[in-house]
Amino acid sequence: MSVTYLEAIREAQAHLLREDERVYLYGQDIAGKFGGAFKATKGLAEKFPGRVLNTPISEDAMVGTAIGAAMEGMRPIVEMQFADFSSIALNQILNNAGTQFFRTNIPCPITVRLPSGGTKGSGPFHSQSMEAIYSHYPGLVVVTPATVEDAYTMLIDAVAIDDPVIYCEHKYLYYHLKADALPKDRLPIGKARIVRPGRDLSIVTYSAMVHEALAVAKEFSASGVEIEVVDLRSIKPLDTETVLASVARTGRLLCVGESFPWGGATAEVIARVATEGFHLLDAAPARINARDTPIPYHPNLWVDHRPNAKSIAAKARRILAE
Amino acid sequence: MSVTYLEAIREAQAHLLREDERVYLYGQDIAGKFGGAFKATKGLAEKFPGRVLNTPISEDAMVGTAIGAAMEGMRPIVEMQFADFSSIALNQILNNAGTQFFRTNIPCPITVRLPSGGTKGSGPFHSQSMEAIYSHYPGLVVVTPATVEDAYTMLIDAVAIDDPVIYCEHKYLYYHLKADALPKDRLPIGKARIVRPGRDLSIVTYSAMVHEALAVAKEFSASGVEIEVVDLRSIKPLDTETVLASVARTGRLLCVGESFPWGGATAEVIARVATEGFHLLDAAPARINARDTPIPYHPNLWVDHRPNAKSIAAKARRILAE
Amino acid sequence: MLQTATRAGAKTSKKDPPHERYLEAFRWMLQTRIFEEKLTSLYRGGLITGGVYVGRGQEAVSTACGLFLQKGDVFGPLIRDQAGRAAAGEPLLNVTRTYLGSRQGSMRGRDGNIHRGWPETGQLAMISHLGSLISVVVGKLMAKRMKGEKNFIGLTTIGEGGMQTGATHEGMNIASVEKVPLVLVAVNNHFAYSTPNDRQFACAQLVDRAPGYGYEGHEVDGTKLADCLDEIGGAVERARAGGPPQLVVASLLRLAGHGEHDDASYVPAEIKKESWAQDCVPATEKLILEKGWLDAATLKQWRAEISAEVEKAVETAQREAAPVASEEDWCAISTRGMVDAPVLAGE
Amino acid sequence: MLQTATRAGAKTSKKDPPHERYLEAFRWMLQTRIFEEKLTSLYRGGLITGGVYVGRGQEAVSTACGLFLQKGDVFGPLIRDQAGRAAAGEPLLNVTRTYLGSRQGSMRGRDGNIHRGWPETGQLAMISHLGSLISVVVGKLMAKRMKGEKNFIGLTTIGEGGMQTGATHEGMNIASVEKVPLVLVAVNNHFAYSTPNDRQFACAQLVDRAPGYGYEGHEVDGTKLADCLDEIGGAVERARAGGPPQLVVASLLRLAGHGEHDDASYVPAEIKKESWAQDCVPATEKLILEKGWLDAATLKQWRAEISAEVEKAVETAQREAAPVASEEDWCAISTRGMVDAPVLAGE
C-alpha cells in the first residue's frame, strides 16, 4: 500500500473525526459524495454524518463561525478551497483568531487548511503561498508540511494545539508525493528537520521547495559537494536553533521559498542567521524566491516565475565559489 | 507659520484637488464639515464640491470602486479610517489593484492612505502598521513618510505614479511633528535619505521610528559616537543602494521597525545587506521591532510593546561593543 | 445571572406597566445613564485612557437586548451596549476597571473599554471590525447544538453603518443557512460616526434586508421602552422556540458624539425634532411617573443607590494597580512550546 | 462594437420573433455552444492549459447580458459568460488565443481563460474572488459620471454562490448609495461548484435581496430566450433612463460540470426534470423552427459558418507563439523607476 500527500491529509482528518468528537470540518464543497475541490475530504461526510459541512461562499463567516465554535470547545478544521481565497478570511484570521487569546485569555483552537503553491496553468489566484502574511502577525502557528508523513502528523498535531494554526498544504505535492505507509512517529511542530546531512552548504527551505533542494543536493553530491537540506516544517515558530546548527556545520546558507521575494520566510531566516549566527557564516548568505510579479498562468512563464532545481543549483554554485 | 505632518497631508490633498481634476477623495467621514476622523480632509469638501465623498462602511467596495475609477482615468485617493481596517480591503488591494497592470496592461493609479502606527490607548485595532503585508505582494508601491516635508511631497508624488500606492502615514506624527513651511523641493519616492550622517553605526528605519533613532543618535553623539540614521521613506521600492552605502561607511547595522517582528521591513533590510553587502559588515547586524503580540491598549504595556529611544539605545550599545 | 425582580423594593402601582420587566429595565437604563455620565466626566478630567463611547439615547433598546438572555445564551454586544451588558450580568466593577486601566478588568489592560467581554455571562469581546462578531456568535450557537445543548439563543447588535460591511452580510447569511437561533438587533441611530443614512444605504428601510436572508423582520421605535421590550423580547422568544433568525431594526438618534472626543456638530437641528429622536431615559421616567408605576421618592432612591454603586466602583478601580510591562506575560498564544523565538522590542 | 442585425442573411418569416433581436441573440447562443464544445474537446485532448469552464445552459441569459451594451458601457462578465462576451464584441480569436496560450491573447499568457478582459468593448478582466468585480464596475460608472459622460450603464453577473460573499454585498450597496446605472444579473444555476442552494442561502428567493439594497428586482426563467431579452433588455433600458440599480435573477440549471474536469455526478436526477432545467439552445432552436422564424437550411448554414469560424480561430491561435520566459517583461507595475530591486528566481 502507498499513501499520497493528499491521502495523508484525508486520513489525518478521518483519524481526527474518529478520535475527537470536538472535531468537525467546514468548507466549500467538502461534503457529500464530492469531497472537496481536491478530494481531501472524500468519503468523510458519509462516514461522519453532520460533521463535514458545506458552507456558502463566505470565507469571512466560515472562519468567524470556527472562532466562535472553538471558543465554545470545538476543534473546527476550515478548508479554504484555495489558499488565495483566504484573503477574504484574513481579517477574521489575523484580527480575531490571532488576538483572541492575548485579549481574552480564551484559547481559539481553529485549524485553517490552505491548499497552497503553484501548479501549472493555475494562474495568479489559484497558486499563492500566503504563509508570510500569516506569520507576520502575532497569534498564529503556521505550518508547511513537505512530506507525506508530516502532512499526516502535523495536521493531527495542529488540531491538538490550543491555538489557531494555519496549515499550508502544497497542491503540487498532493499526487506527486508518495510514502509507503502512514507514519508511526512524529517530530513535533516547531522542530525543523535535517532531511539530508551535508558539510558544504545549508539549503534552508520548506514545503514543495524541499524536494527541489533535495534534487540539487543529490546532483551536487555526485561531484563531491555535500549540501545539507533543512526542512523548516513550520515557519512560525521557526526553529532558529536547528538552522544555526546547520550553518555552524557548513558555513554557507541558501534560503529557498516559493512565495514572493519581499519579506517572507527567506528574509526572516536570513535575518535570524545574520543577527544570531553572523560569525558562523563563511560567505554571504543568499536566497531565492519567486519573482516579484503575480503568478503567471502560462506554464512557460510559470516555470520561470518560481524557484526550481535549476535556479537553485545555479545559485548554490555561486555561493560555493565564494 | 508652521505646518504639522497632518496639515501637510491635508495641503497635499488640497493641492492635488486644485491641480488635477482626475483626483477625488473617498473615505469614511471625510466629507462635510467633519473632515475625517483625524481631520486630514477638513475643509476640502466645501472647497471642492462633489470631489470629497463619504462612503459606507465598506472597505472592500471603497477600494473596488477606486480601482474601477482609476482604470477609467481618475486618480482616487482612498482614506482608510485606520490602517487596521484595510484588512477588509486587502483582497481588493493585493489581488485586484496589485495584479491589474501585470495581467491587463492597464495601469491602476489608486492611492490608499493608511493612518498607521501606535498612539497611546489605541489598542490592538487602531494601532497597526501594515506596510509589510502590502510590500510582500507584488504590484504595489509602499511609502512611509517620516517628516512633514515627505508627508507632503510623497502624497503628491504617490498620486502621480501610474500604479497603486499604499501611503502609510503615522498617526503619532500628526500633531507631534512640525515644519516651518511646506517644502519647495522633493526627493523622489524610491530614494532613502541620510537624515543624520555618522561613522560608527547605521540605524536604518522609517516612519515614526526615524525620530526615536535620531534621539538616540543625538544622545550618543555627546559621547563621541556618531550614528548614521537612514530614513527609508519607501519600503517598496527599498533603496538598497543607499543602505549599503551607509553600511559601507559604518560597518554596523541596526534596523528598527514599529511593526511585528516576523518578516517585515527589518527582516528585508537585513536580508538585503547580509546577501548583498556581507563583507561591509564588521559586526552582526541587529534589529528591533514591536513585540510579537497584539498591540496592547494600556499605555504601560504599549510603551514596552514598541521600540523606543531607550530600547534602541540599549541595542546600539551592544552592537557597538562587539 | 439576572436580577429577576425590580430591585430596591420598587413599589408598583395597581396599574401595572405594559411589560412585566418594564421597571427592572428602566433601572438598567438609569444605571447606564448615570454611569456613562460619570465616565464622560472622568474622560473630560483626563482620567481615562482611550476613548469613551456611550450609548446615550440607546439605553432602552440596549437594555432590552440584555434583559431576556438566560444562562447558556450568547451575547455579542457592541460599543453602545453598556445597558445591555449590565442587564445581561456584567458587574459595574468590571467595566469601570477596564475604563480606568485596572489590571483586574477582564481585558487586563490588553484591550480596552468597549472591546471588553464578560465570559461569565456569555458576553463576547468584540474586535473593532464591524460585522465580524456576527459569524462568531453563529459559530458559538453551532457548537452548542453540536454539543447537545438546548434552549439557547444568541443575540448580537449592529449599527446601521456596520450593516454595510461584507462581514455582516456573510454572518447574517450563514446564520440562516445553519438555522441557528440568532437575534440580530440593528440600531439605526442615523449616524455612523459623522455619516448620515443616505451615504450608508439606499433602501427604503433597513428591515427590508430581512427577507433577503430568510429572517423575520421587525421595526421598533427605539425610544419607547415598552415597544423595545415587546419586539426584542418577542424576537428572543421566537428564536428560542425554533423560529428563523430575527432581525429587529430600532430607530433612534445617537444623543452623543461618536465618542466623547466628538461634539457631533454635524448633526442637523431638524433631525432632533423627529419623534424617534427623543431621549428615552427621561421619556420613560416621565411615563412612569405619569402612570404612577413608581413614585418620585422611589426614583430618587434609585438614583442615589446607583450613584453610590458607581462611585464605589470608580473608587475601587482607581485604587487598583495598573498593568506593569515587566510583569506582563508577552505571549500571543497559549501553547508555550509553540511561541516563536522572541525578536522583541529592546531585546 | 456590436453586430447590429442578424448576420448571415437570416430570413425571418412574416410572424416575427417576440423580440427584434431574438434571432441575432440565438446566433450568439449557437456560436457559444459550438465554440465551447470545441473547447471541451480540445481540453479532453490535453491541448488546453488550465481549466475550461463553460456556460452550457446559460447561453440565453448570458447573450442577453452582452446584447444590449453600447459603446461606452461597462461589462463585467464572469466565468460562464462566453455568450455575453461574444455578443458584446469580443472576437472569437481572442478567447481562442487565451485558451490556447498564444502570446497574442489579451492576457498574454499572464492570466488565463475565464479571467480575460477585452477593454476594446469595455469588458473587464475579473479576478477569481467572487463579488470583487461589482464595486469595480461601480467605480467605472462613477468615473464616467465625473468625466461628464452620458447615457452609459454597467452590467455585471454573479452566481447564486457568489452572492453570498461580502464583496457582493458591499458592491451592491455602494452602487445604490452612489446611484450609478448598474444592472446586476444573478444567475441561479442551482449549483456553486458542487454545493446546492440550501447550503448557500436560506431566503425564499434571491430576488428578495433587491429591496434591501433599493434595487428593482426581476425574476426570469433563464432558459427562455424571449424572457431573458425582455427582462435584461428592460433592466438595461431602465438603468440607462436613470432608474435605480436593477437586479435580475435568472433560474436555470448548469448543464456541465463546474469545469470540464468535473463530471457533476452530484447533481440529482430529479432536478433535471424542472422546467427551468431545460437546455436553452435546442429549446430555442426548436421554437424558431416551429414558429418558422428561420428555416432549417438557414440554421444549417449558421452552424457551418460558425464551425468554420471556430476552426479558423483555433488554427490561427495554434500557429501562434506561446509566451517565452526569457522575453517576458517581469514587471508588476508600469512605472519603471518604482520597480523594487529584483530578488528573483534564479538570480
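In this document, chain identifiers A, B, C and D correspond to the written order of the chains, with residue numbering beginning at 1 in each.
Here, contacts are C-beta pairs under 8 Å (C-beta built on N, C-alpha and C of every residue); 3 or more make two chains touch, one makes a residue touch a chain.
Not measured: the values here are computed from a predicted model.
Shared contacts of chain B and chain C, meaning chains that touch the two of them, come down to A, D.
Counting only chains that touch, the fewest steps needed to get from chain A to chain D is 1. With centres computed as the average of Cα coordinates, no chain lies farther from chain D than C. Between chain B and chain D, the centres computed from C-alpha atoms are 41 Å apart.
Each chain gets one centre point, the mean of its Cα atoms, and the points for chain A and chain B are 30 Å apart.
Chain C and chain D have CA centres that are 46 Å apart. Residue positions of chain C touching 2 or more other chains: 107, 110-111, 115, 127-129, 164-167, 170, 173, 177, 199-201, 331-332, 340, 343. Shared interface positions of chain B, i.e. residues touching 2 or more other chains, are given as 55-56, 58-60, 84, 87-88, 91, 95, 98-99, 102-103, 124-125, 138-139, 236, 238, 262, 287, 291-294. Shown here, the protein chains touch in all possible pairs.
Per the touch definition, chain B reaches chain D in the complex via residues 24, 50, 55-56, 58-74, 76, 91-92, 95-96, 98-107, 138-141, 161-164, 188-190, 236-238, 240, 272. Within the complex formed with chain D, the chain C residues making contact are 164-170, 173, 176-177, 179, 198-204, 206, 208-214, 244.
In the complex of the two chains, the chain C residues touching chain A come out as 74, 106-108, 110-111, 115, 117, 119, 124-125, 127-129, 132-144, 146-147, 166-167, 170-171, 173-174, 177-178, 331-335, 337-341, 343. Residue ranges of chain D in contact with chain A, taken from their complex: 49-51, 101, 107, 109-113, 115, 127-130, 161-162, 164-167, 192-195, 199-201, 265-266, 322-326, 328, 330-332, 340, 342-347. Chain A makes touch with chain D in their complex at residues 28-29, 31-34, 37, 53-60, 81-82, 84-85, 87-88, 120-126, 261-262, 287-294, 296-301, 303-308, 310-312, 314-315.
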